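Structure, as structure tokens:
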Amino acid sequence: MRVAVLNGPNLNLLGKREPSVYGRETLADIERRLRSLAETFGVTLTFSQHNGEGELIEAIHALRGCCDGALLNAGAYTHSSLAIRDALVGVEVPFVEVHLTNIFSREPERRHSMLAPAALGVVCGFGADSYELALRGLVARVVPRG
Amino acid sequence: MRVAVLNGPNLNLLGKREPSVYGRETLADIERRLRSLAETFGVTLTFSQHNGEGELIEAIHALRGCCDGALLNAGAYTHSSLAIRDALVGVEVPFVEVHLTNIFSREPERRHSMLAPAALGVVCGFGADSYELALRGLVARVVPRG
Amino acid sequence: MRVAVLNGPNLNLLGKREPSVYGRETLADIERRLRSLAETFGVTLTFSQHNGEGELIEAIHALRGCCDGALLNAGAYTHSSLAIRDALVGVEVPFVEVHLTNIFSREPERRHSMLAPAALGVVCGFGADSYELALRGLVARVVPRG
Amino acid sequence: MRVAVLNGPNLNLLGKREPSVYGRETLADIERRLRSLAETFGVTLTFSQHNGEGELIEAIHALRGCCDGALLNAGAYTHSSLAIRDALVGVEVPFVEVHLTNIFSREPERRHSMLAPAALGVVCGFGADSYELALRGLVARVVPRG
Amino acid sequence: MRVAVLNGPNLNLLGKREPSVYGRETLADIERRLRSLAETFGVTLTFSQHNGEGELIEAIHALRGCCDGALLNAGAYTHSSLAIRDALVGVEVPFVEVHLTNIFSREPERRHSMLAPAALGVVCGFGADSYELALRGLVARVVPRG
Amino acid sequence: MRVAVLNGPNLNLLGKREPSVYGRETLADIERRLRSLAETFGVTLTFSQHNGEGELIEAIHALRGCCDGALLNAGAYTHSSLAIRDALVGVEVPFVEVHLTNIFSREPERRHSMLAPAALGVVCGFGADSYELALRGLVARVVPRG
Amino acid sequence: MRVAVLNGPNLNLLGKREPSVYGRETLADIERRLRSLAETFGVTLTFSQHNGEGELIEAIHALRGCCDGALLNAGAYTHSSLAIRDALVGVEVPFVEVHLTNIFSREPERRHSMLAPAALGVVCGFGADSYELALRGLVARVVPRG
Amino acid sequence: MRVAVLNGPNLNLLGKREPSVYGRETLADIERRLRSLAETFGVTLTFSQHNGEGELIEAIHALRGCCDGALLNAGAYTHSSLAIRDALVGVEVPFVEVHLTNIFSREPERRHSMLAPAALGVVCGFGADSYELALRGLVARVVPRG
Amino acid sequence: MRVAVLNGPNLNLLGKREPSVYGRETLADIERRLRSLAETFGVTLTFSQHNGEGELIEAIHALRGCCDGALLNAGAYTHSSLAIRDALVGVEVPFVEVHLTNIFSREPERRHSMLAPAALGVVCGFGADSYELALRGLVARVVPRG
Amino acid sequence: MRVAVLNGPNLNLLGKREPSVYGRETLADIERRLRSLAETFGVTLTFSQHNGEGELIEAIHALRGCCDGALLNAGAYTHSSLAIRDALVGVEVPFVEVHLTNIFSREPERRHSMLAPAALGVVCGFGADSYELALRGLVARVVPRG
Amino acid sequence: MRVAVLNGPNLNLLGKREPSVYGRETLADIERRLRSLAETFGVTLTFSQHNGEGELIEAIHALRGCCDGALLNAGAYTHSSLAIRDALVGVEVPFVEVHLTNIFSREPERRHSMLAPAALGVVCGFGADSYELALRGLVARVVPRG
Amino acid sequence: MRVAVLNGPNLNLLGKREPSVYGRETLADIERRLRSLAETFGVTLTFSQHNGEGELIEAIHALRGCCDGALLNAGAYTHSSLAIRDALVGVEVPFVEVHLTNIFSREPERRHSMLAPAALGVVCGFGADSYELALRGLVARVVPRG
């Protein structure tokens, strides 16, 4: 099973950016943790980060036929990008929406997700653990319990 | 560590109620699975279901000082009950909001959660697996990684 | 054919409560009238009233597999309770929404029904006669004209 | 007792128009059924259909002083025509609003009635039976139970 | 003169629940104070708390003909329950709406009261004193100044 | 100077229709009064009433090049008809919007005029006198004070 | 008969202020014209202008018991001042709302009147003639046609 | 192939009505052009204009079973008429919505189409050419490219 | 302890203004009553009324450092004046918002208070008694129970 | 005449992406068809696709002074990008907005175009034919009929 | 060049009023600073503060023909006063809107300016420096760079 | 002191793009002017322009730890980009929002800034001078007056 983990704008700042909100773990820390969990599932992981909407869309296009599922933390694009949702639906790859923070306890402009209606599920609020939970959820749904 | 799992209205119908939406597993199946996972964490689990808003509130009150965290699937009360949110905040027990379905891909009246702003995190869309992921997330957050 | 008639909050006050709005007939009067009409159709009737949302939900659950249709006057819960609608859909019993008054000529908060989208039909504004018309409508729809 | 039954735009297509939504009975079938029921009540019935808003208004004007009640299925004008409501209030004839379908389970633009605030009551969702129930309701309200 | 004091959901937690918001006095403290004030007015007091909406409705029904006025702190139900307002109007007992906190300086979802349109008056923001002021106001309005 | 006075739906009922709202003068009375005033200004008057939106539009079309100004009481079409406004703008005849009642003190659906943005001016609330004032205003504007 | 003509903020600039919108006549010109018309009706006129909301309110208070009707052009306060409406209702003097321009063809913030619901009628769009028409309308309504 | 071209209110004024907005071509010019294009496709054309909503509905009814597609410029009815949409859906004739102007660059009340959700496609902004493009589009869709 | 009682626009009309709404007591009556109650608390009272927003603001400015608390009935300015709220916050004097009527059972434009978010508490609906209750509440909060 | 055809995000997936919605023709097929039509008009065509908003903006900038018109299918950016509209207006190139699907019969978030107010016209709903119709419309408008 | 600096309600409290928000400089400090800067530009400055809306309007009227530009900090009136905007437009004096704080990072009711649409420009968020920047901006715009 | 000046989409067109709105100065002219002013303050300036949202975000990321403040004219992204605001907050560089035009006097979609809540201050409406004023304001705030 091949899983892509896609990260959106500003996530490269993780660890330094508003640590009281986003924690002190860096994106590299998250990648390391996730690779270690993926291994236990026999899952091959690709991991990337993109600040541009167009680049994120093209990274999604590249998944078509090449991966079995995705985790997506689209950052601030979560709340507005119909183009990213269209890309996800267009490539026919099941995905889980992930957020470090509980977006529902933050500013009003972060409480709505444009992507969620197309997602398999949503995990948010567990910091870096959100990614691990999302990976478990994705694996369980795509390869359902025998 | 003691964890309470609280279920709201209509969840007693699980397995029979709109199986194409909610799946065929019953609440007893979910309880069984969850107890088995809890055991591996050394977590003591209580598990209950309540159709009345007042009863759910009183079940929450009973957690005060008696448990270390909770999973809550408040069903349709999720979207409207300020009283349940007040109860949760009042007893000072960290909780994770859980849903079987991805509430963000359903009818508009299910896309807003009155409870989420007070939650630690939210997990939705993974069917019965949502409960397991939420338990993992709760345990990880309440007893953080050493 | 078995039909359940379910009444929501404050309907036990009927006859005494704002008679200029709701009329002078009591719920017992309505039950009597309705039983008499049901008899002519060979319909077995159960008739109950519940002030709590949770109790109403449980009364609905009890209908599953035990009745062929229902009349529901959910009183003020009509306008807000997604949980009651979920219960009705969950038990798969066709129902007719009934109101004594024409809810569309009253205060704005009474002009929207959360339940109606799941109903077979709606009858309102005929006082106690609304129940009789609803019973006729239900019987005709569930046992259609040969 | 004289009762007018007025039908609005597109109802002449009944039976042919979207039969999965509106059923296969024609307006003539409904008229026949209704005349037969009216007879049992000693009610004289007039029955007409109008595609124009102005024509429907003039048909309503003609009721003034000439009939004791009306059934009105104003079709799509139901949702927008203040002029038809003004006509109904102007001629002082009590009327029941009728719909073949349950308008509350349809598109948002059909869920609001401009006419209902002026109606005696509303019956919808029972197909052609809606007319019969409405007639019963009207007769019972205009000639109340002795 | 007989006065009922009714308290809604979560008020049993008073003193322990968010003391920085609701203060350290318990509901028993408030009852004690209020009884002492009532005595000086020759008022007989009943005092109760209910977490369920249905139970609160039934407590209101019980007032019909048995008391001359009521104080009501409906907690979070204040903002949404039409059924409680219907109960209050139905039993024809004048009541004063009471809140410990100034609900208008709190979250948006607490700034609207569904009950206030039916109340004699509203007192909020004075902590436990709100109840005493409300009792004074109720007594003065029901037994007006000679 | 030639002036057309156009009246919309239900105005033929004037005198009989809700006299407490619209007064007891008939449309014929208003016509008589207006003709008498018009004479003093040397104005030739045409006067008509139309219940259909299409008929009113065609009556407006007929004004093109044949009259110097118009008074329009479009009744309930005032609040919704863009087609009538288009007709008025299309024929390039200056007009005054007239209402018997003060539409701003009535139901919300009557407080907005679709036509007013294209009008010379608006006169409302003076009963039949509104027409006379409007005629004076129109004459003064179209033949301005020397 | 005594009539007060009250003018609100910025009307002292008339003639100089945006003449393409408000015309070249000054407030003194309007006063002169209006006095001349009032004389023909045997009406005693007072005429004033106030830039402050409080001053306008006090000018209205002074009318109580001292005049039989009023014309009010409250300028920009028209669209927001509940206090001025309260003053008008409080002194029980019938008034006509007047505007030089057709406020309904201007910016959105000018299309709503806070005062109109309490007015006898509204006249707008006829420039200085609006005042004359309003005076005629007021006189006719307060001293109705014999 | 038979195609009906239906035109709504005020389009008979074309050429004279606001030529800076709608151009100088008349409806007869458009008809002539369209007939000439239709001929090249072997399409039989009917062409009509209707100012009344009811008449337009009846013109649509007449298409049932008699034509293979339609072009519709419903003028100002475009933005509000559910009855016309119902008629179009009822007769099961595929249609293209046409406008002379780009309705999306005009006043807000013209930017929404009630009809478009039921249309095959929309062409607007090309003046009289809009009709020709719409005819080409309709023909290509109804008789798809071999 | 020094307390200022500030009254806003139109309150000078009290007793004469809409007595069915506001009662027959005058502002002087209220002042008399309040002075007598203040005496029993050893409170020095200043009492004033202002029709202008600017004057009310300046009266509030004068309280800075000169008084320990205030009662404010800002009349219609309650619902719109951010400037008055700024003044109150600026002078750092705790205040209670007072209304004679229950503003929540009146017109929609009176149901929102711009001032309440900055108030200690709110008392409304008890007629002149509202002032007395507010004074008691203010004294109890500013000099809390020993 | 030189015409640029610009395509926005996800259009490179055409043919594979949701073929039931967008059809089976690829963007290369559309380009081929369009070049063939352009040739018949003597039009020189450039054709490109861009997934990034910034890249699309820069492609638009490149048109300044180098082309006489454009066709733009901005995909999901249509509904939100003010920056793209600014670019189009900034380069002063007339353009036609094109969509494969009838955006008005799809999800609410696709029914509004941020670009259309600046367009010459709009063509949507004809699949790949939309481009051909748009090219015809553009050519006819930019080089109007002699 | 003559420039007027006008300050609205509560600005007289500057230095004492919420210093954490508005800073510790007084209005006199700002005036001093501004006079010193004005001198370097050869600008004659008048400087005033007004708590009443009417007084501010009259201060604006006094500018007509007597000054070449203005700085306006209208305080809380900024967000609601159409009358002040009318005064500014009426006297034809170009003005710059100034705020000490960044009004866009404050409460929602401060984020909209009624005045800004008529302003030359807006400067906010620089404390007392906002005035200096605004003066520079005004001078540069009114006497543009040679 | 190091200051970065960042410009968003379409600003490279300055001087040529809608000169009646944006003026005739080019971005190079603004840079020249600004460099000259910066020199007088001993400020080192970097100056760049970016059409892509992702590129602008990355330019902001590059500021972290490398500059003391920024001026940002984000063009049309101002009104919608939460991702840019997140980047600005994430790099912890104080910035001033700049616009050439007074965005509050333009189309509604330009009147709201997504970025302003995170800015130090806002300067708009002074054309190229806006940048100079913003630089002065930034310098004064970051190196406050001794």
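When the chains are written out, they are named A, B, C, D, E, F, G, H, I, J, K and L in that same order, and each has its own residue count from 1.
The definition used in the following text is that contacts are C-beta pairs under 8 Å (C-beta built on N, C-alpha and C of every residue); 3 or more make two chains touch, one makes a residue touch a chain.
Note that the structure is predicted; figures quoted are calculated from it, not measured.
Number of steps on the shortest path from chain B to chain H, with steps defined by chain touch: 3.
Because chain C and chain E carry the same sequence, their contact can be compared by residue number, and under half of the numbers here are used by both.
In summary, the interface at F-G recurs among the listed pairs B-C, H-J or C-E; the equivalent pair, sharing over half of its contacts by residue number, is H-J.
When chain B is laid over chain C using CA atoms, the rotation angle comes to 120 degrees (nearest 5).
Averaged Cα coordinates give chain D a centre that lies 47 Å from the centre of chain G.
Per-chain Cα centroids separate chain F from chain L by 55 Å. Our note on geometry: chain F versus chain H, Cα centroid distance of 32 Å, whole angstroms. Listed for chain C are residues 52-55, 80, each touching two or more other chains. Interchain contacts (touch definition given at top) occur between A-B, A-J, A-L, B-C, B-E, C-D, C-E, D-F, D-H, E-I, F-G, F-H, G-I, G-K, H-J, I-K, J-L, K-L.
By the touch rule above, chain K contacts chain I in their complex via residues 8-10, 12-13, 16-18, 50-55, 75-77, 79-80, 109-110. Interface of chain C with chain B (complex): residues 52-55, 57-58, 61, 64, 80-83, 85-87, 89-91, 114. Put simply, chain D touches chain C in their complex at residues 96, 102, 104-105, 113, 116-127, 129-130, 132-133, 136-137, 140-141.
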